[in-house]
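For reference, the structure discussed in these notes is given below.
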Amino acid sequence: MSDPAADYRHIRAQTLALAAGLSEADCQVQSMPDASPVKWHLAHTTWFFETFVLERHAAGFRPFDAAFRVLFNSYYQGVGEQHPRPQRGLVTRPGLAEVLAYRRAVDEQMAALVEGAPPPAVAELVTLGLNHEQQHQELILTDLLHLLSCNPLAPVYRPRPAAAVQGEVAAGWHGFEGGLVETGHAGMGFAFDNETPRHRQWLQPFEIARACVSRAEWAAFAADGGYRDHRWWASAGWDWVRREAITAPLHERAQGHAFTLHGLLDLPAQAPATHISWFEADAFVRWWSAQHPRQPAARLPTEAEWEHAAGQAGSDAAAEGQFVEGGLLHPQATASLFGSVWQWTASPYTPYPGFRPWAGAVGEYNAKFMVNQMVLRGGSFATPRSHIRASYRNFFPTEARWQFTGLRLARDL
Amino acid sequence: MSDPAADYRHIRAQTLALAAGLSEADCQVQSMPDASPVKWHLAHTTWFFETFVLERHAAGFRPFDAAFRVLFNSYYQGVGEQHPRPQRGLVTRPGLAEVLAYRRAVDEQMAALVEGAPPPAVAELVTLGLNHEQQHQELILTDLLHLLSCNPLAPVYRPRPAAAVQGEVAAGWHGFEGGLVETGHAGMGFAFDNETPRHRQWLQPFEIARACVSRAEWAAFAADGGYRDHRWWASAGWDWVRREAITAPLHERAQGHAFTLHGLLDLPAQAPATHISWFEADAFVRWWSAQHPRQPAARLPTEAEWEHAAGQAGSDAAAEGQFVEGGLLHPQATASLFGSVWQWTASPYTPYPGFRPWAGAVGEYNAKFMVNQMVLRGGSFATPRSHIRASYRNFFPTEARWQFTGLRLARDL
Amino acid sequence: MSDPAADYRHIRAQTLALAAGLSEADCQVQSMPDASPVKWHLAHTTWFFETFVLERHAAGFRPFDAAFRVLFNSYYQGVGEQHPRPQRGLVTRPGLAEVLAYRRAVDEQMAALVEGAPPPAVAELVTLGLNHEQQHQELILTDLLHLLSCNPLAPVYRPRPAAAVQGEVAAGWHGFEGGLVETGHAGMGFAFDNETPRHRQWLQPFEIARACVSRAEWAAFAADGGYRDHRWWASAGWDWVRREAITAPLHERAQGHAFTLHGLLDLPAQAPATHISWFEADAFVRWWSAQHPRQPAARLPTEAEWEHAAGQAGSDAAAEGQFVEGGLLHPQATASLFGSVWQWTASPYTPYPGFRPWAGAVGEYNAKFMVNQMVLRGGSFATPRSHIRASYRNFFPTEARWQFTGLRLARDL
Amino acid sequence: MSDPAADYRHIRAQTLALAAGLSEADCQVQSMPDASPVKWHLAHTTWFFETFVLERHAAGFRPFDAAFRVLFNSYYQGVGEQHPRPQRGLVTRPGLAEVLAYRRAVDEQMAALVEGAPPPAVAELVTLGLNHEQQHQELILTDLLHLLSCNPLAPVYRPRPAAAVQGEVAAGWHGFEGGLVETGHAGMGFAFDNETPRHRQWLQPFEIARACVSRAEWAAFAADGGYRDHRWWASAGWDWVRREAITAPLHERAQGHAFTLHGLLDLPAQAPATHISWFEADAFVRWWSAQHPRQPAARLPTEAEWEHAAGQAGSDAAAEGQFVEGGLLHPQATASLFGSVWQWTASPYTPYPGFRPWAGAVGEYNAKFMVNQMVLRGGSFATPRSHIRASYRNFFPTEARWQFTGLRLARDL
């Protein structure tokens, strides 16, 4: 990011653009403990800059409102107490207008700080804050979709762009020889601490599918009784699918329609399946293999395989993917490894060999979540294009379905 | 109610007055499954008139929005589906403005219907709808207090009136001879079906306290370890108080302060204790009796005793109590048996001998709740004065605390 | 009971007779928190005599094992700690043999105490202990039936007596004029504190059915969709029946069979329905009334009505009922108001006017359970005949189904 | 295992030896859903041979009791229904004697089959069945300890051997250079499918501690407030430790004593800490590192590091460890990497590259559990010595504490 001040203005404005047109009620409600209100996202991303940048680096700093320190802290124990996550939606005051004033007040002070040439320590925190804000931009969309999905009237967030034409879809597989490869972030650009250090590992030869698993393939799985056949499921997944009475991806509705940010839609058959949990992805690959007995068994790629494949695709690979800038708010099939839907991998989210969290409170950013979650790769239609890279590690628990999650097959060669 | 049209305008306007000054966010959020959003109360009371009056009696009726029939039905199975109660707060659309437009549209049609001399069947339903609306007026205040109490910033709903001076407080007991008395609604005025039929029962001689149990008395109970001493508690109450780690009435805060609709206040010692469950009231009377070993044991009055006492007090008795018209939104001690706080009785909520629910869907109003609830009598500071009477039966489960509930002692003579 | 020593020997032996033939495993397991292991019942009834009689009245008393004081205390807070109820089944040591030795040791000391003419205070406690033991005799059978019902092999507790022939069944109604009647225990015999004091109350004219509701009638209710029709159910009952997916009484199996202490049986159509909750009984009477539109509406009798009817039937009425001495361990239709199945009433379990619990720890026997339970009357096939009387009040929560519970219709005249 | 018949007799007899002296009640009870009754373990291990060996390979096979097929199936969906795991303790019939007869009947038929030279397919299944039985031998001890720990009388399973003298304890670290190493099972001996295929991976240089973390070290962690300091805990661990109010390892009692299979003991300070969850192990290493700021940060070893270290130690390494044959039923410090306590690793339990589950129903043995569990290595004092090897992978969820679990530190070089 060449111009911190311009980046700051641009990314902060993008967040507001996502909230444009929403009512105060839309921005207020928390539809489940895992989700947060849009108003909270607007405030928390601002709190991040106030707490980690202004409070430490702005001369004569005074908090906008001392109570916000607790109210909008997500989970940084090192910064003090947090308001309980499941109760975020109960705080109706400050209202939306006051939170927007909070954004403006912090933005003014930040503008003074990032204009010109901020010292490296500040510049680094600003970059972190902007990457953090981009993560919440995607969460605004996932959480809002979940909220609107609870409304029996199926309201529309944004009308569907007229030009949403599905392009050609890739088929077949990319092959890789493996061997002793390096994965993890390299180079000078920004990366989260969890992408480091770059390290060696041994990969056996593998293939990875050119396209994500499509709605049509998923419909075949469901139609074949996939959700009711224990053979495809991990034991914990089988318990989950029966306990929760799961029979389709989240947000699927009657007659093949899906509820999306554009409302209830009849999506193309070749569009990537989404809103599936890791348990469902894991079951699907076993079912798929049984349907293709003459082919090598399919599986989820490991995150190292995915990253190796993405790295081989060249530095512009991400540019071809479907990201939030396109304005189409449901996934579309593309030839890119990146974008459209986050892709579940076979890899539990663990620290890389030699991993050290960042120093200080921001060290809580990633490190403390490295257990009982699975890695996802590639970004989605709701991810800002500048936010993604080959080494980027997203992670969610095995039953999470409200994110824009899908899968891509892999197999041994 | 002599003039149905005037009554209608007046009571409907009172509901709006309660919501005045609230933000859309304040009106949107449901802070627990037992509570409902203010917006929902505004809509549901309107739905009641649309469904039970306009739909049946207005020529050329067309629903304002067909979806509202399900969305704002509380529990009338006979009218069709209901949107699940715990999810009322998730419906951000229709927004507050649209719900207010719904009120106006229904009010216009209702005005045409109640003007002049509506037929008795209509007049009865309008009277029922207005009494129903008054019940929701109190619920708006209880539910809003609960919501605001979840906000760590302790926001104020209304500033406290300047003239909130505590008057003289009654002491001692009223005595009654009992015998074969009649209870239940008598006369021509409106009553709910659960207040009928008037019937005979035998009362032994009893006394009932002139004042409700005060904050000072409650503080003595708590200070004496009342919440930690099994001797005072029913078995189910003891399980509850330990499981929920209850140590004080709901909305009590540090240093003797209480959170109220006027914000955090240091209330007078003689003010009635409130936000107590039946379990707490039941424990208190046992503790109180042990503190006064030379007096007859105290107990909660039965609802028949309470009603007999209130009936003896004359038809204007209710006028002396503290009701919502006074504008003071926390309970005050008065000499009246009515008002200030709803008084838990010793009586489970059961049908009177010979009880028949109203015919049709409105028969679901009271009849189906007559199990596992206890009767409360007298009204509270949040009750409209015209709404209460000696035979009025309110009811809640034994652990409910978010209502304006207190108690008055009784004892055998 | 004329001879305390003989009564003691007889009733204690009856308890052992119930456990005869059970394995140590059968006596060990607790199949749900509401039930207790047979071994615990054997020990707890012994603990009762040791704690309330021997410890206070036996010269040179030494406890059999000091640890048993906590281990086998059911809920007497005044006597000290209790082992948590849901964990009773986890205590494998002391084993069954040691518990039987405990019984013998206590019985020996009790024999010395009750022989001759014990002082009244002792005699009263012994009588209480024996009535307490008889209650646990019935609980041994209810809890054991529940345990065996969890075994997919449907094991038999006792073979069905060969002579189990169903007698003639009563039809029609008994009528009563009501008026100012007295209920509650009268006379010199033993009664629990909750049956006192005898007091006046006003009854309106009523009828009560000669027979309990039969399996055939219940089957008609279920076949008519009774479990799926909200019209018949109280609101809390409707929530319960759907949440628990209830479609039949407990222990009903396929093809009209029922699981009983004699194993899986095809019971007679006229046998009383049993293992129904109060919610189900309450729903049934509403359904029944709708099936008989030309008759007065049926309802559950109040406990006062039941007791008045039973009192009118004369002092030998109970003798005609089906009790545990008959050896048939499923309910049979009889002409008696007593026996066969406990009959749910319309009455919540509350203290009688002027009620005072017994002094001391035995005051916890009944008093602290007087909330959120409903009264049952009449005894069941599992009740010892000498244990029941017209004023006897049994009580359980509205969802309890593992007891031998049924219902008898009543209606206004 | 050179002589299948002798192995069969020996291992089956060891299982019975573990149950010797237990009462039927001890063998019946299931103290929590994760544990199973001893009687069930005795039956299920027998069911394994009957179902997977006799039914397929014994001429004229007839089941001992057809009902046992469902009753004692643990989780093999491919073999049909299973009795629900949490209800295993409710099945009192068949009793212990009948289950022992079942064992004898199956053993007789198995003897005929394994005598002489069974065909390889049979021999393989017998070996699998014996390894399976050895796993349940350890579970008998973990589950029984949990059951006895629920008894407030703290009963003793076996008296402590007189000769339980703690030997010298190792100190310091073993260092390894890493590089491209192979892990996974090699050679001809038995291994579970999850130990295969042997595969390459890259290890960075590391050290692994010579001793497991001791009770003294754990006590220092707890005394330093380790259980109350968020800095040491993963986010999910911090939620867990507070929700469950964890303050010490499971089975720790007052004054430094621990409840063991030898009863309540004051264990040596240098004995390995045990009954800790992965969350606790993970927190400990962070705390330990902060206490040793001049040393490289400690962490849990990966399973590959552990296996590489164990492989370097030579083929007899396991022989020096503390295993069940020693008769001491609490962990002791030794110089071996093996035995005493299972050691949590940093590795989630995932399939090895190229992993293929066994064909048929036994393919459910391991494969379907490869999610949300962590790998443990090394065996414990309750493991049969012949059962363990360097490539052995045990696995449990991150909150499991009733197993004999501890930890060993590792660090980067």
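As written, the chains take the letters A, B, C and D, and residue 1 is the first residue of each chain.
Just so we're on the same page, a contact is a pair of C-beta atoms (placed from the backbone, for glycine too) under 8 Å apart; a residue touches a chain by one contact, two chains touch by 3 or more.
The shown structure was predicted, so the numbers you read here are calculated from the model rather than taken from an experiment.
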Exercise. Hey, what chains does chain A share as contacts with chain B?
Worked result: none
Problem set entry | Between chain B and chain C, centroid-to-centroid distance (C-alpha), Å | 37
Exercise. How many angstrom lie between the CA centroids of chain C and chain D, rounded to a whole number?
Worked result: 47
Exercise. Chain A to chain C: how many Å between their CA centres?
Worked result: 59
Exercise. What is the complete set of touching chain pairs?
Worked result: A-B, A-D, B-C, C-D
For this session: Name, in rising order, each residue of chain B that touches chain C in their complex.
Result: 75, 77-78, 180, 199-202, 204, 230-231, 233-238, 278-279, 282, 297, 346-348, 350-351, 353-354, 356, 368-372, 398, 412
Exercise. Residues of chain D touching chain C in their complex?
Worked result: 23-29, 31, 39, 67, 70-71, 83, 87, 89-93, 95-96, 147-148, 150-153, 155
